[in-house]
Each structure stands twice: as C-alpha cells, then as structure tokens.
Amino acid sequence: MTKRVKEILGYYRSENPGVLSNLARLLNHGRLGGTGKLVILPVDQGFEHGPARSFAGNPPAYDPLYHFQLAIDAGCNAYAAPLGFLESGAAEYAGELPLILKLNNHDVLCDEKDPLPSQTASVKDALRLGCAAIGYTIYPGSSQARGMYQQLREIAEEAKSHGLAVVVWSYPRGTALSKAGETSLDVVAYAAQIAAQLGAHVIKVKPPTANLEQPEAKKAYEKNKVPMETLSERIRHVVQSAFDGKRIVIFSGGPMEGDEQLLGEIREIHKGGGYGSIVGRNSFQRQRQQGIELLQKIMSIYAG
Amino acid sequence: MTKRVKEILGYYRSENPGVLSNLARLLNHGRLGGTGKLVILPVDQGFEHGPARSFAGNPPAYDPLYHFQLAIDAGCNAYAAPLGFLESGAAEYAGELPLILKLNNHDVLCDEKDPLPSQTASVKDALRLGCAAIGYTIYPGSSQARGMYQQLREIAEEAKSHGLAVVVWSYPRGTALSKAGETSLDVVAYAAQIAAQLGAHVIKVKPPTANLEQPEAKKAYEKNKVPMETLSERIRHVVQSAFDGKRIVIFSGGPMEGDEQLLGEIREIHKGGGYGSIVGRNSFQRQRQQGIELLQKIMSIYAG
Amino acid sequence: MTKRVKEILGYYRSENPGVLSNLARLLNHGRLGGTGKLVILPVDQGFEHGPARSFAGNPPAYDPLYHFQLAIDAGCNAYAAPLGFLESGAAEYAGELPLILKLNNHDVLCDEKDPLPSQTASVKDALRLGCAAIGYTIYPGSSQARGMYQQLREIAEEAKSHGLAVVVWSYPRGTALSKAGETSLDVVAYAAQIAAQLGAHVIKVKPPTANLEQPEAKKAYEKNKVPMETLSERIRHVVQSAFDGKRIVIFSGGPMEGDEQLLGEIREIHKGGGYGSIVGRNSFQRQRQQGIELLQKIMSIYAG
Amino acid sequence: MTKRVKEILGYYRSENPGVLSNLARLLNHGRLGGTGKLVILPVDQGFEHGPARSFAGNPPAYDPLYHFQLAIDAGCNAYAAPLGFLESGAAEYAGELPLILKLNNHDVLCDEKDPLPSQTASVKDALRLGCAAIGYTIYPGSSQARGMYQQLREIAEEAKSHGLAVVVWSYPRGTALSKAGETSLDVVAYAAQIAAQLGAHVIKVKPPTANLEQPEAKKAYEKNKVPMETLSERIRHVVQSAFDGKRIVIFSGGPMEGDEQLLGEIREIHKGGGYGSIVGRNSFQRQRQQGIELLQKIMSIYAG
Amino acid sequence: MTKRVKEILGYYRSENPGVLSNLARLLNHGRLGGTGKLVILPVDQGFEHGPARSFAGNPPAYDPLYHFQLAIDAGCNAYAAPLGFLESGAAEYAGELPLILKLNNHDVLCDEKDPLPSQTASVKDALRLGCAAIGYTIYPGSSQARGMYQQLREIAEEAKSHGLAVVVWSYPRGTALSKAGETSLDVVAYAAQIAAQLGAHVIKVKPPTANLEQPEAKKAYEKNKVPMETLSERIRHVVQSAFDGKRIVIFSGGPMEGDEQLLGEIREIHKGGGYGSIVGRNSFQRQRQQGIELLQKIMSIYAG
C-alpha cells in the first residue's frame, strides 16, 4: 500500500473496514494502482442514450464482454455499468477488475426537463455480482432532486453497512439551470459539495467552464477573487469544494472534438489536482486499439 | 450538574433518560457548560448555499476538520452539520464535543418559493456517528410544510426512542409569506410554537423584527399590547411562545453588517431570555482567530 | 483529549465513531478521566447474591439512588447495574456519569455447577436509559458457555451498530474447572483472550493466582518461563493475553480481608499495567464515607 | 393527586408518562385511592388450580362477571385475571375499574417440580381490553427461571413502550428450594429484588416466615442482625429489599385458617410498610357479601 | 488471470460472480497468486487453545497486528482469524490482503468428547470488516455434528448470497472415533466429502495417515486396492474424495517435530495434488524472521 493511498484512505476514517477495503481495491488496481489517481471506464450510454447512438460507430461495443476486456486491457482502475451489462460478464471476468454497479439509470425515450432516474438495481445485486462499489446519479438543479437525494441516502446507508463504496455521478440539470449553467464553475462546485455532503466516497462531475450561473454565487467568486481563468484553476476549485480535496473527485471526458483537446483537458485536470477521469464515449466509440491507446495516454498523464 | 441545568431538564420530564442525558451533554459542554445557555456552531451552508458562497472568504473552511476544531477551540456547546461533514471527522474527533447530525437539507440549485428539503441522513447514522442529537429544518408557511412536519414526526419518534435529542430549525418561508413576514414577530413566534408542538427539544429561529405579518395576529398583538418595541422584548415574546420558556429556543446570528451590531443583538437576545445562539457564517467566514474571538465575545455575553 | 486516551481509542479503529465516542466517555469521566485508567462501580450483587447478602451490612445501599450518588461522589468513571437499578435513577441522574447496563444476570436461588445467566435487558433499553455501554457476563469453562457466547455475539453486534461500547465480565466457572482453577493464571488469561476474540471492548476478570489449572497450559508456561511469581507479573500476562494490551482489561476487587491487602493488590495491578478496577462490594458494603475514601485511595494509586 | 401518590410516582421517573398514568390509575382507584395503598382482586385460580377447586364452594364465582362486580363493589384498586375472564367482562365493565391482564399462566394437569408457565395473552390483548397493566408470574428458584426472566424482559419492554404498567408475581419455587424455603425470609426478599431488577413496577410476593433457607444468606442475616422476629419486621425487610421501598410491593393473602388470622397478618403488613394486598381465594371463595365485608375490613386497616 | 485459476473457478460455475470474485481474490493474492495453490495463515489458537499455549513461545504474537503483518510479509494468500483479532487490524490493514473471518470457535476450558463450537461472528461482520470469505469448523464424527452442519448450512447460504466464499475446517472428532481414527485415511476422505457436499468452496483437513478406521470402509479400500502407502497417494485420495479435485482442499501443518519433516510433508501434499497448506503454529510460534522463512520455503515447494 503506497503512502498516498494510505493518506486518501485516512480521509474516510469513520467508515468500516469493508468500505476502506473496497476503496483500496479501486485505488490499487490497474496501471494507476497506488498513485492515488483513477481512470474508470463507464458504460451506461446504452441505457441513457440508446444503443445505436452508443455503439453503432464501433459495433463490437454492442457486446457487453467487449467493455470488460477493454477496461482490463487498458489497465483501468474499475469498470462501471448498469445491471444487465454487469450480469453479462461478471462471472466470466470474476476477479479480473473492480466493478461498480450503477444502481439508477434514466432513458431518453421519455425525456424530461427535470429528469428523475429509476432505481434499476440493488445493493444485494452489487454483492452477488462481486462489485467493489455502487454508483448512483443525482441531478442537482432538477425539481426532482429531492427524490434522488433521498433514494441515494437510503441506498448509501445500506451499501456502507455491507462494506461497499459509494460513487456518485453529480450532474447539474433541470429547468432551473441554463444549458451553460450545467457546466458553470459555481454549479459544478456546488454539485460536488452536495454529493460529498450526501456521503459519497467518490464523486464524478464534468470539467467546469469559466461561466458563473447563479448571481449570488457570482458575487462570492468575484469578491473573493477565486482563480478560475484556466481549467486547472477551476479543477482545483472543484476539488477544494469537495471537502478541501478530502473526497475523491474525478471528471468526465465528455464529447470531444479531438484527442489532443481531450488530452489537454486531462493535463489540466491533473495539474489542478483532480483525482482522475471517467472516460466512456472517447474510449469505446472508436476502434478497440485506438480506445486502449487513448486510455493509456490519459493514464500516462495521471502517472505524472 | 448546576441547578439551572437541572431546572431546564425538568421541562422535559416526559422524555426517557437517554434524551435527558443527551440534552445534558449539550447543556454541559464547552465554555457555557452549566449556565443553561448555548452557543452552537452550525455548518450546513455548503449544502444550503454552495461551497464558494460559504467558504471562499476563508478557504481553510473548505476542510471539514476545520469546523470540528473551531467549535472545540472556541468552546461551543455543540457542532451541527450534514452527513458528509460529520462523517469526515467523527472518528478523529470522537468524544471531543457533542455532535448534531442535520437529517434534512435543501440546496438552491433549484430554488423554489415553497421549498421542501430532502432527508439526507438517518437516525441510525446519528447513532453510528456518536451524535447527541438530530437536527431537522421545517419551513412553516411553505405549501410543502405538511411533508416536512410529517417527516419530522416520524424521525423525532425514532430519535427519541433511541435516546437522541431533537433540534428543529424553524424558518418561516413560502409563497404565503412576504419577505418581511419571514422574520416578523408574529410569524417567528408562531414558528417557534409549531416546532415546540411538533416535539422539538431545542428550537432555532431568527431574531424577529417589529413587523407583524398576519392581520388576525396583528389584532391580538395590538389588543393585548404585547411589548415588542425592543429586540429583547420580541425575544422574550418568542421564548414565551415556545411554552413559556420551557423549551430551549436559540437564535441565528444571520448575515451581519458589523460585529458590534451582532454583539448588540446578542445582548438583546440575552436580555430577553433567549437560551443562546447558533452562529455559523459569522464564525467560519472570517479568519480562524477572529472567528474564535467573536464566538468567545458572544459566549461572554451569555455567561453574564 | 489526552494523548493516552487517543492512543487507546486507536486500538479500536475498526469501530464506528459512536462506539469510539462512548469509549471516550468512559475514559474521560471522573477523577481518572484522561489517564487511561478506570475505576468503575458495579452493583449487580442484589440480583446475583440476593439483597441481604449485598446490602444488610450498609442498609442505605438498598436504595438504588445511593449507588449513583456514590459513583459520582467518589469520582468513578462509570456505574454498572442491571435494568431495575438503572431505571430507578437514570432520569434523576441523567447526564451525571456514564452508565453501563448489565444485559444478563444470574441468581443463586437455583444455583448450578454450570450456570447460564438470563438476558434481563436489551440494547434498546440501554439507549433509552442513556447508557454509554452494555455489560454482559460469560462463564468460560461452563458447559453452558456456548449459549452465552452466542447471545453475546448477537447483542454485541446490535450494540456496536447503535454506537454502544461492549463491556464483558469474563468469569471462568463450571464443572470442568476446580475452584482454584477459576482464578488460576492460565484460566484467567484464557478468559480474557476469549472475551477479546468475541469482540469485547472492555474486559473484566479477577486478579489471577499463581496456580496453573490445565496441564497443557502448564507445559507452555513452564517451557517459556512466563514470569508469574508476583501479582504484577501475572497482571502483565493477563493484559498481554488481551491482545498485547490493545484491549482494556480491568480487575475485580473481590472479597478482601482488609483494606491494606486490597490496596496492595491495586498497586500490583497498576504496576502490572492493568487498566483499572471494578470495585463493588468493597465500596458499597461499608459506610458511605469509608467507601468513598477507599475508592479514592484506589484512584490515587492509578493516577500514579 | 395526593402527595403520597406523587411521591410514589416519583420512584418511576425514568418511565414514560403512559406508564406513570397507568400506575396512577391503580393508585387512585377504589376505596384506597390516593392513600398509596392497594388491595387488588386476582382471579387466576380457575387456570392455576382448576374450576371446582376454585369455584365450587361459591358457585356464582364460576361467572366471570361476578369478579368484576365483586372488585367494584368492594372498592378494590384493580382486578387481575387471565385472558378469558377479562374478555368476558371487559366490554360490559369498560371504564369501571383498572384491569390487569395476566400474560402467563400455569395449570396443574401436568404439574412439575420446576414449572414453566405458558404465555397465554399478549401486550396487544391488554391494550385492546383497556387494561392498565400486564401481570406476569416468575418462579425464582426454578431450573426454568431463565426462560421466565427472558420472556418477562421482552414482554415488559413491549408493555412499557406502549405505556402499560408491569405487575410481577414473584413466587420462589423449584427443586432447588425446600417447601419451607419458598416462604423463608431470605428467599422472599431475594424474589422481590429479582422482580425489581427485572423492571417490575409492582411486585407481589407471599408474606415471609422467619425461616432462612440459604446458608450464605443466613450468615448475612445473623451477622447484620436483621430484625425478623415479627411479621411486620419481615415485611419491612422485604419492602427494603425492593429498592428500599421505591418499588410497590404487595402481599398475597394466602390460604387462611380464619379471618382473624388473616386480618392480623394484614395489620402486620401495614405496620411493616407493605403497599397492600392481593386477595383472591379469601374474597371469592365465600359468599359475595362476606367477601365484600372481608375486603373492606382489609382496606380499613390499610386506610389507617 | 492465469489459465489455472480460470480452470479452478470453472469448478464453481453455479456460484454467483461475487463468490467467484472472492475465490479469485484468495487465489490471486500473495506469492502463490495465480498458481492455483494457496498458503493461508490461520490464527485462532488464542481462542481454541488459550493465549499462553499459542503465543508465549513468541510473545510479539500476542499482538493482533503481528499476524496481519506476518501474512503480508510472508506473501500468504489470506489471513484467517476470529472476530476480535480481525476487528483489531481490519481498518489499519484494509485492502492489504484477503481476510477470512472464522464464524465459529471452540475453547478447551470446558472440553468435551463431542464438542459443539459457538457461533462467534456473523456474515454481516464479515462484510463490514471487508472479508473475502467466512470460515467455519465442523467436527464430523461428533454426536453434535448435526448442529454444526445445520448452522453451517444457514450461514453458507447467507454468505453466498452476499458474495462471500465459504471455507470449512473439517476435523473428524468425537466419541464415535478412536484417536487414531481422527486422521485415518477413510475418515479424513469422508470429512472432505461431507464438507464438499455441504457446499464448502475451500476445505481444510489434516494430512491423513495410512490407518483405516471404519470396518465397512476398510473393505472398500482393500477390495479396490486404493493406493495409500505414501502420503502423496493418500493426499491424492483425499483430493479425489472432494469431488475429484473440483473443490479446493488444503491441509493443516499441524504440530511438527522439525522443519525438515514438515517440508517433507508439504512436498508430499504438493506431489499428491493438494491445493496448499494452512500453516498456523509453525509460522507464528517462532521468531518472526524464521516464520517468514519457513512460510516461504513452503510456498517455494508449491510454486513448483
């Protein structure tokens, strides 16, 4: 166990040894194992966006086993997916890499301005599938956020008591926010704080823009001259907003125009003290070898 | 155990000894221990207002351990916060000071005229974290108040049967009230009464203005010549409205223009028979040493 | 919090903050608070031996409130008793000192060679009475030990999940042991080990004699030349047998011929690294003032 | 409420107001209402001894309504009986007098040296029948005592949480005791102590003889010169053994040779500080009017 | 994942992926990780034999943390111990190595011919402590075996549904067996079969002697000329008896006269197709460096 991983586990001293063990499994697996950094492969787009939008560009990715193998071959710390995808490969890949079961999901066949995902799997499912953590998405800013927060609370309590780690996707969204607001610095930092206060061990947010959405927040940023010009400064602020860096915050890769732009963004995340990335579409929506290469370039940045 | 603390505990004779013990822990800890007065440090602004608005003015306060240490060093009676903040330090600070776990919270990413907070932690969480009390916010005046009252009822029943004290933040708010009405004397007194009737052991309200919001209430105040000119008179009325002083009523510090103004207000609360203050922003949104000094000035007033 | 108490709490890092808080309450209360030593007043003799044998020598002790007051006035760390005694005073003395509810008891109206105590109170009772810990007696060596171990297991799991500490009275007894064997060094050390392995946080045993009961154990003591001539050496061995001193082990006072003999024994316990004493009959079976004086002499020894 | 009843309720301050209310109902009803003394009519002999042995001498007593009316007409504080008897009259006599539902019973069709009664009704039954208390019999000294203690523990916890008072019949009996031992002073005092420690609010025992059964106890009585020559002295000792008089202890009338002998015994109970009597066979195994007269003579003694 | 580990996991295809993952954790950890062989450190002797017999020869081993570190430094696949030992270090060593929580234990303070261990921890404990497996001891041949088989059945069902592996210590013992019979080939093979039929994933037995205990079995061995002259032949037969090698069977080291004798035995186990060893006393009852060296010599044999 490296000193850095010990230090990170020290941030979670109130948790039971089961939770600590599973956090250690996430932090110690794959190419970045032991560095305190994580690159996770998430594949929930089939449910969230539909299969053709997700996989038609790289048809082998329709196969759930494709993603297990991709995460292993690229050396990711963990693989996260909904129930069906994990059930498809969990036996065959048992013990190969840490799994994160997404316990709620949302589709766009009936899309809403203020979406409320469905609970699609249970803590018991995560245990029988051998997962290290459960994943859960909240949409702060949605008029439906209350339902998600409360369901997360119940699920997280059950997960922790059974020794599972809790990973929260915190994606601001809803009628109360402008489109730009969803990734504005104040809102992303707030979303990270909310997830941390709800008891998340690992928090996933989007890289923030220099936009400020809420007038009251804007005043605070301006008055206190919060550095926010560069992405690394903004990352630093988001990490700070998650308990001064005492919660693991990782960032999504998002839809990119080019690899160089993405890698530049990763360098900024790394520079700003981000704990890592969760890279879905940029890894499986291209040919397998290219996906692995991109993931490994990303890991190389985090390996420093 | 001082005579005054004994007397206060006597107001709660229907409660089981577990609840009495935890009320005693709140009343006997810190610099005001034994006086029957309380100064509590609450830090839920990260969730309620967002991280930058809460902590950018004093960046060390992003760190959850900062607040445990601040409450201890200043000699507060207790520290109140949401789940994530308490989980971060409860093991390290175990046994150092009484903790109050806020069981519901509300963010302003989707603000509503009639807000309904989310339940964000459980009575079981409070027990495993070693808390002396649970905290819960209600918004009397909200069209959503029924939901809060009913959830509080369930939570309070469970908390009391497990020996935990119940602290209620009672903040009038909602479409039915004018902005001025939220702090008008009749409304604040009414909010204190509602919290007391719902079974709260400790009630937190805002210091009331001389405004009167509801016409029917106004008649009663005028007909009966309720003294309300000075803040101390209004405090006295609010304390009276919480079972003639037989429930602990404490007052928020709120956003102040200057320390002298705040300390003047505290002197009025003390003069009017208030049980103490809950001072968040004025304590952690300034440099640590200044925060401690202000808290100690406040305590000196209550110490008499 | 003293360094020593911090160090002791560090031995229990797998426990939740609730358990740590309650261990801290035991360690930080009374005259020995903060020293890492404990003197606890236990009064279960009324149930275990009958009222006249317990209290006729000092009739005020028939009154349950007597013992609360005695523990407070002497400056004990905690007071331990069965349900009825705690129910009698828990409201009146709420918040005055840490309480330990004995959850099982045994009477001698139908005495057996292999006794099996009855569960006489619950974890829920301990919470409603405001206790810091539950107490439980096991009789290793009894043919009935299995039933006690299993009941303790269930109760301890429930207690810990609710944040309560677990104190185990481990008294070897039963047809398989000779009378001398009950306090022989090998057997007492074994009894301490069993309690520790069953998950006890605090273990109470009797001071061991230089006798060795079990032939196989005798060989080990002789072969390894375990020092056992003086009581302090034997105490050291028992403390070592409870996880090398990483579990709190306290010793009963037992029936003594004279105070000097008892105080001599306490000095040996202290010298041998014992964590303290649990002194029942020697404290309440004499006049109140004399009981307090004896307890304070004992505390002075532990205070070093 | 008289000062004496207030004082008695003060002994039960840890209990919830529901329990206190029901204790007050017992103490405030009937001719002795307010005096702090009780005379209760118990009729469980039909189950315990069989119908003919119980009722053939006064055939109207076969009718369950007979006993409700008898208790009312005589001015008893309460009426105690098994499920069937109470179900027969609880509606008709609803609100007329406090009822105590015996929750366990034992018959002699299969008698044993070490009897274990059956649970024959529930706390829920007591609530639906409008009872003020539940009654439960334990046989200290029986090798089966453990089962009774544990069942009582569970039942008492449930009863108290529902606001019911708990009355325990504590009758020493079993292979470990001689016949004389069942009523010997040491054993009866011990039985009272056990019931009190188990959380009983009201304890019923038999008037003790001057016999001493247990050798270890005998030493304590002799060494401490416990006064025990007269019945009143022995009563005083038993009351003292029930928490120094801080638990209500009442005495059975037992099978008597003559009324004068019984009344003499009552006078001694009264003189010794007993809280009252429970008079079954002497009241309903004679003609109605004679039964009422005897009960009233007994009450006159207690009325002082 | 090596081909051999894949093959072994294939023997358990009916189990859920959680169980497979945890079996993989056991097979992939430590110096033998990936070979399909296991060397496990078990330390339950403190409970089973008493502390001095277990640790006096190497006093640092009284400390529970010693064993975690020993297992790590020697490169063992896993560490198995009772509740107290695991609770002491599970937080500090979280994520360092697979843990096996022994759920039942037996002491020798009241030794019996037909022992029945006590359940001393739960599946829930194993989850909160982050264990990969639960351990359970059965004594085939004991008149109490039924109780153990049934409790194992319940516990194994619960463990598997939560994704935990099940390790069974199968030790023939009881009045029905001669002392020599406990390690006779027919009996050990039978014990392995019973554990396998009860659903064990990993089975621990003692190395069998060439003795044959049961007359009916003897006939079968002789008639069919089962090879049993050398230890490797007997090991082969035991492994065959555990589903033709499709269950993991490991062998205890037992008390040895010399290291060479032990290593010779290990070579025979390896030659006979045994899956590995569980080495307790020979590893921690000597100086730390010597223990590590011996464990590594054993691993070298299994590494082939």
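Each chain gets a letter, A, B, C, D and E, in the order it is written, and its residues are counted from 1.
Going forward, a contact is a pair of C-beta atoms (placed from the backbone, for glycine too) under 8 Å apart; a residue touches a chain by one contact, two chains touch by 3 or more.
Since we're looking at a predicted model, the values are computed, not measured.
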item	value
Chains in simultaneous contact with chain C and chain E	A
Same vs different contact residues, chain B with chain C, by half of numbers used	same
Per Cα centroids, the chain farthest from chain D	A
Centre-most chain [mean C-alpha coordinates]	C
Between chain B and chain D, centroid-to-centroid distance (C-alpha), Å	49
Mean-CA-position distance for chain C and chain B (Å)	40
Inter-centroid spacing, chain E versus chain B (mean Cα positions, whole Å)	57
Residue list for chain D, restricted to those that touch at least two other chains	13-14
Chain-level touch network, classified as line, ring, star, complete or other	other
Chains that touch, pairwise	A-B, A-C, A-E, B-C, B-D, C-D, C-E
For the chain B and chain C complex, residues of the former touching the latter	1, 5, 9, 13, 16-25, 27-28, 90-91, 94-96, 124, 127-131, 161-163
Complex contact set, residues of chain A against chain C	13-14, 16-17, 161
Partner chain A, residues of chain B touching it in the complex	46-47, 49-53, 55-57, 59-60, 62-66, 82-92, 105, 107-112, 116-122, 124-125, 129
Complex interface listing, chain C residues touching chain E	11-15, 114, 140-143, 145-146, 149-150, 153, 157, 172, 174-177, 186-187, 189-194, 196-200, 214, 216-217, 219-221, 223-224, 226, 237, 240-241, 243-244, 246-247
